[in-house]
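Letters A, B, C, D and E mark the chains in the order given here, with residues in each chain numbered from 1 onward.
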Amino acid sequence: MTAYLIFFFTVVGIYAIAVIGLNLQWGFTGLFNAGVVGFLAIGGYTFAILTGPPRADFFGGFSMPFMVGIAGAIIASMFGALLLGLATLKLREDYLAITTFGIAITIQLAALNSDWLTGGNLGLHGIPRPLQDLFESNAAYGVFYLGLVAVTLGIVYWGVEAIVRSPWGRVLKAIREDEVAAQSLGKNVLRYRLEALMLGAGLMGLSGALYVGFIAYISPFDFMPIVTFQIWTMLILGGSGNNRGAILGALVVWAIWSGSGALVANMLPPVWQARGGALQSVLIGLLLVLTLLYRPRGLIGEETTISRHVTGTTGAGLTKKKETKA
Amino acid sequence: MLNARSLSRSFGRLKAVDDVSLSIAQGGITGLIGPNGAGKTTLFNLLAGSLQPDSGEILFQNRPIQQKTPDWRFRHGIARTFQIARPFPNMSVLENVLLAAPAQTGEAFWNGWFRQGRIGAEERRNQDRAHEILEFTTLGRLAHEPAASLSGGQRKLLELARILMTDPKLILLDEPAAGVNPALVETLCEKILALNARGITFLLIEHNMDLIMRLCRPIHVMAQGKMIFEGDGAAVRSDPRVIDAYLGDVM
Amino acid sequence: QGCTVNLGGILTLTGTQGDIGKAIGDTAQMAIDQINEAGGIRGCRVNFILRDDQGQPQVGVDAAKQLVEVNRVQALIGTIGSGVSLPILTSVTAPARVTQVSCCSTSPTFTQLAIEGRTGGYWFRTIPTSLLQAVASANQTIDNGWRRTAVLYVNTDFGVNMARDYERAIKALGGAVTMMVPFNENQTSYRAEVQRALSQPHDSMMLIGFPQDGSTVAREWISLGGSQNLMLNNSLRSDQFLTNVGARFLNNAWGMDNAQVSAPSVEQFNRDFQARFNRPARGPGIHTVYDAVVVTALAMHAAGANADGTGIRDQMRRVISLNGEVHGTGVAGIKGALDAITAGRTIRYVGSTGPFQFDANGDVTGPALIWRIQNGQFAEVRTLDMDAMNALFARVNAAPR
Amino acid sequence: MDPLFLQHTSDGILTGAIIALGAIGVTLSMTILRFANFGHSELVTFGAYIALVFVSFSGIGAQPIDPFSIGWPFFAAIAAAGVGTALLALATDWLIFRRLRRSNAARLTFIFASFGAALILRNLIMLGFGASPEYYSRELTMAILIPPGIRVMPDQILVLGLTLVLVVALWAFLTFTRAGLAMRAVAESPTLSSVSGIDVNSVTRWTWILSGGLAAMAGVFFGLTVQLRPEMGFNLLLPLFAAAILGGAGSVFGAVVGGLIVGLAENLSVIWISPGYKMAIPFLLMLVLLYLRPHGLFGRGER
Amino acid sequence: MSAPVLTISNLVAGYVPDVPIVRGASLNVIPGSILTVLGPNGAGKSTLVKAIAGLVPVTSGTVMLDGKDVTSTPAHAVAGLGIGYVPQTENVFTTLSVVDNLKVSGSPSASDTRMAIERMFVLFPDLAERRRHLGRELSGGQRQMLAFARALMRSPRVLMPDEPSAGLSPKMVGIVFEKLQELAATGVAVLMVEQNAKAALRASDRGLVLVEGKERLEGPARQLLDDPRLGELYLGKIDEAA
């Protein structure tokens, strides 16, 4: 059980990094990126190609150190975001959503069909896990990797909080609300949006790389659109515009996702086993809808992020008034 | 300080601004009036960069700027308000104002990691100024309310507060007094004069003739996309073309 | 029977291959029930914990991790897609030393991994590799006198590998492939792919896919005037395909399967299946999963009460020893096998796919069966025994690539 | 001209017509209901399956009208699918979206609720009908040859004709009637519309009815020319959205053109590019077009 | 003097529960006369008319139209009862053409609507010139005209323009106020919110000053115009805020 918990929290931590990245894009900037999985894929594949063992018939397999792989993954995803951003940042939000969705699909298809680079359908396997040799047992290694992920998550959380609670974050918020007005106040809209998109994408790439480093395997089927949906659900459930919510959302959603599978497997009579999957999906759908109906701001709710340097009462004064009256 | 030469801009077949030249003297308050749909706001948009001219040239401190983006122009000293107010609805009134503070260190994200101290000091300074400005515009009480909950007039005031937060060389005001209560218009008037005394140049669109008469010299009159008149208050009041097109016989 | 033994299972129960997976899962459960009826493993009830991988590696890995770490299973049946079986093997079962037996993953990569020593010997499969299927199909194509074949294949690891091997084999055996057209699963329409495959003169078509998309592709192909000389892969040997396309168009449809030679054990299984599910035992993975479950259970039984994955691994080949005492399928067959093991005798389990062996890499070897459709019935045409297959492999491998 | 090219072009138009029908619903909900309804695709699926239920009770394959695979009662099935799906759409609105509107939820909340609803609906079909594909009629009809050598199925020509009629009727409704104008007004500002005497709730209901009905048509036609499956709508989702956006949200005519472009792009791409990339083609095209025209072909900017 | 068409008594209304903006306002609007509501920014003037129009929830108090209680009637029904409301901001459909803007507010009869549109175009020739333009292509003043015209389309019995003069040229202000007087002369009751106190009071019959959601001063317009308390009330508000 402990071994599984360690595994579980590692996966949650890895997801949480991607959710924070998404939060930066949507929660703070209003960029509706429905192609999260595309950036995970870019990060994951870059990492796999850089650090993986050499192979016949393949371009990749440079056997580079772990950190180089991670850096490469972040840079590649940010570069992808740059290209994407230059092409699409002028679009209105739901257009952007579909476009990014499509790009994620395109990336997945490219991974599926470019055997020479990505291993095609079968993916790339045997990717070395960092410092594996230093550990005797699998369990000890699991703990080490969890630590690695936790530290990374901590740094990411701190780094993102520091910048969204500064004037930079305020500009992002303004751009989200009214681009034209922000521009008339001297803000270079494209620059800020690109920055947020790229930083967010970098985190997604990091998340993808950590995942691949953990599982030691990558395949195009890891990057189906459903993953984007999962990550979005994590953000919504936790409360967008709130990084603690993002982490909590990752935890809760993944617990439900994997827990309901176990529940179905253990509770349902054998004849119903095979229908369990559909039932599980209905449950998840129901959960999502009910959350939105009864807890629309997520578990923690959107925080009014204001610059950490601004003093005085925060938040919507109206709601406060209401409390004092009541 | 600002020279517009033969600016033109059409929308389809409509010539909204038609071969207009305008020069704004350093340190003055220039008025711009004209009937509805004359092209005043369009001219503003051309000067502020929200619209591109079809032809013509804009010189700001002897530098052609017609290619520059609105944010560039803002950073180089041209600030504007919107006729139809555009607050950031879900941000607090205070944040709306803080956003306009010029040259903030914290607007580059990497400084959020490496220069916390300096950002903090700057923010405190800006905040003090913002509160001052909000008091002046009677919005002090509402500093922490979301801008969405402001009344129509309060939105115009916020628009003004934001511009006061900046440190521009030239301010373009598009009907700042429309919907603002008469008592406040008085104060507004004084504030413009005070800022002007500090050396800030104004270009002012208004339909409130009292305000125009008191503040502006010279006054430009536009009609149907063209500049039809230029002169001081008395001349404007008595020009038959202006009376016919703009003032009507009510005044 | 106070005690229980956990056996893990991971299959694709939702998604495109959901209905294939469901049938496979039901069959696995039937095998478990029969084992329990036969007395269970060392007198303990077998508790089959079946998890869904939804066709996605992460979900599969997570489920496997839970089965291994939480439910403490020592052997795991699954899964269908090679792309999911692979990460489960490399990051869960092999490191944890748990035996993994797949009913359905055909990719040659596993062979490669085993040769490199990366499976630790914990990998087994009861389905022949795609190469075996491809070679047998290519041989039949040539035997039917078809010389110009268009290949339409599903764009998954299974389809891609098999199509590639088929093309190689066809060339080596003297035929020609006119077009290789992949199609993705779950498309809105396959018209464009079919049209493209039709664009070259051909006398036959090889279709590699699963019943869902496969039916649609075949319907389009026939509607648009394509040749009705068809080679089908083993997944299409299903009633669903037959009824959806229509028997009258399929009188010249042929295919291969891993040999379910007319042996008593095969018949027994087919009867049991019919009795339980009220339909004939046809469809991908049904026979292979039964054997996967039973052979694993027998190995667990043989390995002893406290067997771990390694113990099970070591028994996997022993329960199908060539010179052992033959035991077949069904409750009686399994009971016989269990009792014989308890009594310390060497046995040879002959399964629902007939007799089979695991080679050094965990791959199953066995004869191939050629079938065809006639008057709306699946008919067995002939069997290619091991010698014949080996001869074919030699010819294909000898040909220049 | 290359016959293969012509063939793919005609196939593209036929597929495109069906996509267009679905895309109209998407475009309507995007502008009038003000969110991208990801559950729209499940309406497509339900429409198809409702007709299937109807067909299996009334034995429609029984007397097909030559050369089609279906007979007269099929039109009754189409109508039943339309009505049933419209009711389903109203029900989802009643249960979910109406409440969200009341609590002034953000647009993204709507989109996600629609995701959730889609997940539930899709898996309900899965539980009810199983995952195997179904057909309205198992009869295979043979393609007919049209000079200069294009093969088309008779059913497809029928579908194309019906689609055309539907689209023209809808376009006239939206352009010339008061109800159509009311829809466009609500699309921009519900508050201002209500002040102008428009009952916003009723417009919302009509929008659901219209888009549900059209989705059902798309589903039935798709089922007729391809097959029925629980994920059929889900697989159509991306082409539908691509078409709606290509055309420019809010424009019915745009959605039709967008649908045709998507259909053509998918089919023609196969000539030059590996079919493995087929699904990506409409997007790449969309990307290029949006780069040149950020509001779609017939869309208008917001401010 | 005839009986009031519209009677507001002790109206309490606000956007968020428990935060009243209008706090017990009462007033009467009489057919054939113009009542102007004045007050500092944020006093609740717009909220008051919105509450009457059915856009803001009413907590207590009543709105009576012709002696019938119409409190909390949905906005579209209020419009149907003959109350024409012109919002202060966002008052035209920016994506519809001028003609369509007018059509939307027209009566169900197509021919009536067509005639009404022609009447509006006579009244506002600027709009006639731009009949095919989209709402967002209009200048600020032109939008005000269009918004005003929209409310007139169905010949309402009660007209409630919210700051009709804002953004209009002096000449247009004259025309609009004249038009309001003409309308009143035909028996329409006008409840107008204005900041432009002088011009508005000159054109009205009665005036009312609203401060913090409650009426503080009411009387005949001429009288109010000379009342020193008028200026004080405005300034008083400012002092409070400081």
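The rule is simple: a residue touches a chain if its C-beta (ideal position, glycine included) is under 8 Å from a C-beta of that chain, and two chains touch if they have at least 3 such contacts.
Treat the numbers as computed from the prediction; the structure is a model and nothing was measured.
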Any chain that touches chain D and chain C: A
For chain E, the least number of touch steps when starting out from chain D: 1
Whole-Å gap between the CA centroids of chain B and chain C: 75
Centroid distance [mean C-alpha coordinates] between chain E and chain A, Å: 50
Gap in Å, rounded to a whole number, between the CA centres of chain E and chain B: 28
Where chain B touches two or more other chains at once, by residue number: 142, 149
Chain E: positions in contact with at least two other chains: 15
Shared interface positions of chain C, touching two or more other chains: 14, 18, 22, 155, 184
List of chain C residues in touch with chain A within their complex: 13-15, 18, 21-22, 25-26, 29, 32, 48-52, 54-59, 61-63, 65-66, 69-70, 81-84, 86-87, 90-91, 95-96, 107, 109, 113, 118, 155-157, 160, 184
Chain D-facing residues of chain E, complex: 53-55, 74-77, 79-80, 85, 87, 90-96, 100, 103-105, 108, 110, 134, 136, 150, 154
Residue ranges of chain D in contact with chain A within the complex: 30, 35-36, 96, 99-100, 103, 105-109, 111-113, 115-120, 122-124, 126-127, 238, 241-242, 245, 249, 274, 276-277, 279-280, 282-284, 286-287, 290-291, 294-296, 302-303
For the chain C and chain D complex, residues of the former touching the latter: 14, 16, 18-19, 22, 155, 181-184, 186-193, 195-196, 199, 211-212, 215-216, 219, 222-225, 240, 243-246, 249
Chain D - residues contacting chain C, complex: 4, 7-8, 11, 15, 19, 126, 130-133, 135, 138-143, 151, 153, 222, 225-227, 229, 231-232, 235-236, 239, 266-267, 269-271, 274-276, 278-279
